[in-house]
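Should a chain be cited, it is by its letter among A, B, C and D, assigned in written order, with residues numbered from 1 in that chain.
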Amino acid sequence: MFTQYIFHFLSIMALFSAVMVLASKKPIHSVLFLTLAFFAIAGHYVLLNAQFLAVVHVIVYAGAIMVLFLFTVMLLNLNKDERSPKPMWVNFIAFVAGGMLMLTLIGIFRGYDIKAAHDPMISQIGLVKNLGKILYHDYLIPFELSSVLFLTAMVGAVLLGKKEQI
Amino acid sequence: MLTIILILLPLALSLITLTLKSEKAVRQYVLSGSVIEFGVAVAAFIQYKTSCHCNLLFTADWLSTLGVSLKFGMDGISLLMVMLTTFLVPVIILSSFSHSYSKPAVFYSLILLMEMALVGVFTAFDGLMFYIFWELTLIPAYFICAVWGGNDRIRITFKFFIYTFVGSLFMLVALICLYFKTPLPHSFDYHWLYSAVLTPAEQAWIFAAFFLAFAIKIPIFPFHTWQPDTYTTSPAPGSMLLAGIMLKMGIYGMIRWMVPVCHNAMQLYAPFIITLAVIGIVYASVIAIRQSDMKRLVAYSSIAHVGLIAAGVFVLNPYAMQGAVIQMVSHGINIVGLFIAIDMIEKRTGSRVISELGGIATKAPRLAVVFMIMMLGSIALPLTNGFIGEFLLLLGIFEYSKVFAAIAGLTIIFSAVYMLWMYQRTMLGKTNGITEEMTDITWTETVAFIPLVIMIFWIGLSPRLFLDVALPDVMTVLDYVRL
Amino acid sequence: MMDYIVFLIPVFPLLGFLILGLGYRSIPKKLTSIVGPGTILLSFILTLIVFFNFHQFTNSPTHHLFPWISVGPLNIPFAFLIDPLSILMLLVVTGVGFVIHVYSVGYMKEDPGFNRFFAYMNLFVFSMLLLVMGANYPIMFIGWEGVGLCSYLLIGFWFKNQEYNNAAKKAFIMNRIGDLGFLLGMFLIFTTFGSMSFDQVFAQAKSMPVGSPVVVAITLLLFVGAVGKSAQIPLYTWLPDAMAGPTPVSALIHAATMVTAGVYMIARSNILYVLAPATMTVIGITGLATAIFAASIAIFQNDIKKILAYSTISQLGYMFVGLGAGAFTGAMFHLTTHAFFKALLFLGAGSVIHAMGGEQDIRNMGGLRSKLPKTYWTFLVGTIAIAGIPPLSGFFSKDEILLHLYEHSVVMWAIAVMGALMTAFYMFRLLYLAFFKNFRGTDEQLHHLHESPSVMTTPLMILALLAAVGGLINIPELFAGGSWLSSFLAPVFADGAAISLPPVPVSHSTEWMLIAVTLAGCIAMIYFAFHRFVKQDNGLQPDGTQRSGVVRLLSGKYFIDELYDLLISKPLLWLSRFLHEIVELRFIDRLVNGAGNIVVWTGNTLRYIQTGNVGFYMFIMILGIILILFFNILI
Amino acid sequence: MNTLSSIPIHYYLIFCSLLFSIGVIGVLIKRNALVILMSIELMINSINLLLAAFSAYNNDPSGQIFVFFIMVVAAAEVAIGLAIVVLIYRTTHSIDINVLNKLKW
């Protein structure tokens, strides 16, 4: 039962933060709420016994990405209100569309009867040791390629960020 | 073996032509080359007559996994078409010498390429080969019209290209569909395609696709609107190739593919199609009466004539089918003759407008005589080639339906009306400012007419040679209907 | 040997045509004047050989030349049929043809197109011979269309004049209308009898019941062809216009031979026609109407050739009446005598025109009797012959038809007699106006007046002789004659005669009475014409005079040309324009272009969806996702 | 029977759907490019979580490996995305995406 409470708590926290990301007027607040949401999701990972992912998640998202966002906001001095919010009807349509998507998704998932084949609590696959084995054994080449991707992204970001016109 | 020579020779000639520089060299080379090609065709004809036509069969593997092979051969009908093509191309080339076309090497190279594609269409015994050559004819035709054409040529050739291309895509769909219905292993070999087992619905769809392709190419009313513009705008050799040979592809395709493959659907829809064709005959004839441009008038007359041929194919009986085959040859000869004559008038007077001309017969009696002969062939006077075809066609249609025959028969009245009108206004009467300085055709120009005149009377007087060549295969085709 | 003789008959004119046609520039006129008539003479001699040995030739009447068209069961050989009927026609065609050719040598001497003229004429004779000799319908059809072509070429012989060309075109097209009927009739014959050869068709037809619909249809269709070719109502208007051609052409083609082809064809197919009484009635009525109608128009014409043209139509009408009454021999007899006297009249008219320097209006003639004595006397013979005064040929042939008609129906007889009276009237009107009283033309014409050279007058005299004595070939029993022609032609009409019910023969006294009535009427008419045009001189009104309604109607030729123009030509041209400008360009072409334009338009319109607004793109994307998922649920 | 197994997998499905939809709504309603990027991150996270959940429930490590790779890609994407945002800001002095409508028609 305890885990259920944790699950609900984390879920509500994540959803609330997510809503607040959108609801905040200032981007800086959005970024902070986003960080909160990320932490909540990291908690979920822990709950799923996926410690490795939880750690990576915190490092990548709450660490790297958030910092990037914060730096951008601050460096560009974007911390002000949106100049002209979208008209009401656009928001309305957006809400309807998003709501429909949600209903559709939920509708789909409700229809499926998914049996849990394994108890996640006793699952050991999320441990660093196991994942590491798989990652360096089965997924070695994608793993290495992802480093190339990072390199590319880095070069790209630097190029884009340069003052001069390309 | 001769079959593949017939296809490859023009291709080789065409490529070599591109390397030649001077116009004179190109002309001599191209003319002699096309005459040799005709000689090969005659050799094939003789060989065909003296032995079974399996000698003319050429087979080689190409995409064997897909069942596509390089299979070429000739039966009586293809043979006549190949003879027509190889006969007309030297005539067309010869007649074009009175003009000086820019970039002659490319121009004549395209004509030879066209010849190769046309021969390919008529000899292909493989569905995919047929399609490939069918489309290949469009390329030289497009460039001949679009580069050397008259006013507004780009728009008109574009329309021509797109229109016929859309039609042929339907044919491709039909062929592929047919391919998947063939017994395993699938093959594009025409015998396999013939043996495809089709439900009535499938037959109807394949019929529709084939019909669209062929009807546009022929063209049958109401798919004809590309034709008058294109014939009018094209340079004379282009018009001749289009009207004389290329539109025969459509009728040939009907006989070769539609009759054996979807004859049930043909029989089912024949009343509608023949109605269309008959409407087209009257419609085009009536329109032709008031045309002011000679080429356009001939273009409309051509719609009327081929409408009759198409109706003849659809009644599916030996007379009409034979008539269609012989009329294809006749129509090719006559219309090429008419276009040559018009071209010579245009070259001398600078005008094709009927109302601007007149009195040419006094200035150019030789031209007037050959024009008259072509015209008589075209209006199907007995003892000319046109009569044999129209007689058999109308007889066949009459057997099918007396009403259709009566309406289609109006063509013999209307053709007289518009042809005589054109002849009277251009050839007869007094000369005027434009025709005053007109000179008669030279003897070299007359040479282009002589083979045509000979053929007109040969077929008119003694069509047996041609009828007998085609008859067994016409019967074979019709046997598919009876089965 | 016999085959060769038969084949050579048409070959000579064809050779003549080829020689003159291919060398029309280089051959001197001298040579042409030998080759042109010479080839016809050779054919005539051969025909005479055939005629005098005709028993040998008719033993196996069909002479095969070569197979022409053969497709499966359809087998059309190029074959000739020699039987009494075709021999009679051959004699007329080659004989009269030769005489007219000789005449033409004189008539066309000054014309620059001399060689061309004889080439066409030879081609015409060739076609006519094919028509006559053909052993099956298609061969007949070759000739049938061939003579139409030659008629076209010769009417428009002076092709610089577009009026003449129009006349030529009209003739050809009206003929073609008939030809379509002929062609369809041929097809129906083939589908019914499985053959187009005369012998096979007629042999099978014999066993058919009388009045079967298919035979009626066949005969009606063939009759349409005859109507076109022989200028009967409603397709007669081309013949008067055809007078645009040189006069020998009018004599040969539009009087003696080609226009009688319809009569010949019906006589040839007599078995079929006997089997179709309904068609016979139609033929009779058409012929009768044409006879009266054309005669009434002729009364008020002033052009010498037009009068003769309407007269020809009228006489052709008589032949058709004869055919309709079943008097095949009578029709053929009249055809023969008509060939003589009408050729004579035309050639005489030609001589007059020649002398007058191209003047054709009889109001400007007069008094030519003294200036052109030979022409006058021969013309007089022709006029008397056509008027039906015994003992000239026209009397016998016309009488035979009238007699048959009387047996058939008294009313039709009465109408036909009326026509005969009109014929007598207008012919003598012509004669009186042209040859009697004083000359009314210009001084220049008077100065120019001269009798034609002997190369022209000799043919006139030959034809006058024939017109005078031509009736002797079929003198009826009444005059103690042997009816030679009837017995000669009997084999051809025997089968037909066996089928049709023989009419009740009228007694000799009735016959005498009929002749008397007709004759008295004719003489009265001749006197009336004499009184009116020679004594009173009030038959000459210039073109602009106001005239009463009936006269205006008649001199306006019932305005049939105008009617046709209004009902057929104009609407056709209008339809052509409508179809081209509205249906073709505005409708079909727009539909086609529309298909292309829709693609362009769609592209142009859908382009605006590309708003550049990222939010909008995302919205569409999400909408797409929703739809995909949604359909996933549904499926 | 462990206590955790009382959390049915449906809970994760619904939770992730909600999170994803919020992300979608964010993308739709916001004009600030930065916030839109954040919304995209939310969506990616919801997917990640779901992958991890299925992986855990099915005892299949591949799912978690995928989450790892997605994180890699997401990090790269954010780096590039933010670079672009900076670039846009430099040229237009705004990060309002409605200004970026030059690529139309």
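By definition in this document, a contact is a pair of C-beta atoms (placed from the backbone, for glycine too) under 8 Å apart; a residue touches a chain by one contact, two chains touch by 3 or more.
Bear in mind that the values here come from a model prediction, so they are computed numbers and not experimental data.
Asks: Could you tell me which pair, A-D or A-C, is linked by more C-beta pairs in contact?
Replies: By number of C-beta pairs in contact, A-D is the larger.
Asks: Cα centroid separation between subunit A and subunit C, in whole Å?
Replies: Going by mean C-alpha positions, subunit A sits 102 Å from subunit C.
Asks: Rounded to the nearest whole Å, what is the centre-to-centre distance of subunit A and subunit B, using the mean of the C-alpha atoms as each centre?
Replies: 70
Asks: Where the centres are mean C-alpha positions, what is the separation of subunit B from subunit D, in Å?
Replies: Each chain's C-alpha centroid was found; their separation is 65 Å.
Asks: Using mean C-alpha positions as chain centres, tell me how far subunit A is from subunit D in Å, no decimals.
Replies: From the centre of subunit A to the centre of subunit D is 5 Å.
Asks: Residues touching two or more other chains, restricted to subunit B: which are they?
Replies: none
Asks: Touching two or more other chains, which residues of subunit A qualify?
Replies: 86, 90, 93-94, 97-98, 101, 105
Asks: Going by the contact rule already set, what residues in subunit C reach two or more other chains?
Replies: Residue numbers touching two or more other chains: 615, 619, 622.
Asks: Just spell out which pairs of chains touch, all of them.
Replies: A-C, A-D, B-C, C-D
Asks: Tell me, which parts of subunit D touch subunit C in their complex?
Replies: 24, 27-28, 31, 97-98, 100-105
Asks: In the complex formed with subunit A, which residues of subunit C make contact?
Replies: Of all residues in subunit C, those touching subunit A are 615, 619, 622-623, 625-626, 629-630, 632-633.
Asks: Going by the contact rule set out above, which residues of subunit C touch subunit D in the complex?
Replies: Touching subunit D from subunit C are residues 607-608, 610-615, 618-619, 622.
Asks: Which part of subunit A faces subunit D closely enough to touch in the complex?
Replies: 1-4, 7, 11, 14-15, 18-19, 21-22, 27, 30-31, 34, 37-38, 41, 44-45, 47-50, 52-53, 56-57, 60-61, 64-65, 68-69, 72-73, 75-76, 78, 82-86, 90-91, 93-95, 97-99, 101-102, 105-106, 109-110, 114, 116-123, 125-126, 130-131, 134-135, 138-139, 142, 146, 149-150, 152-154, 156-158, 160-161
Asks: Tell me, which parts of subunit A touch subunit C in their complex?
Replies: Those residues of subunit A that touch subunit C are 86, 90, 93-94, 97-98, 100-101, 104-105, 107-108, 111.
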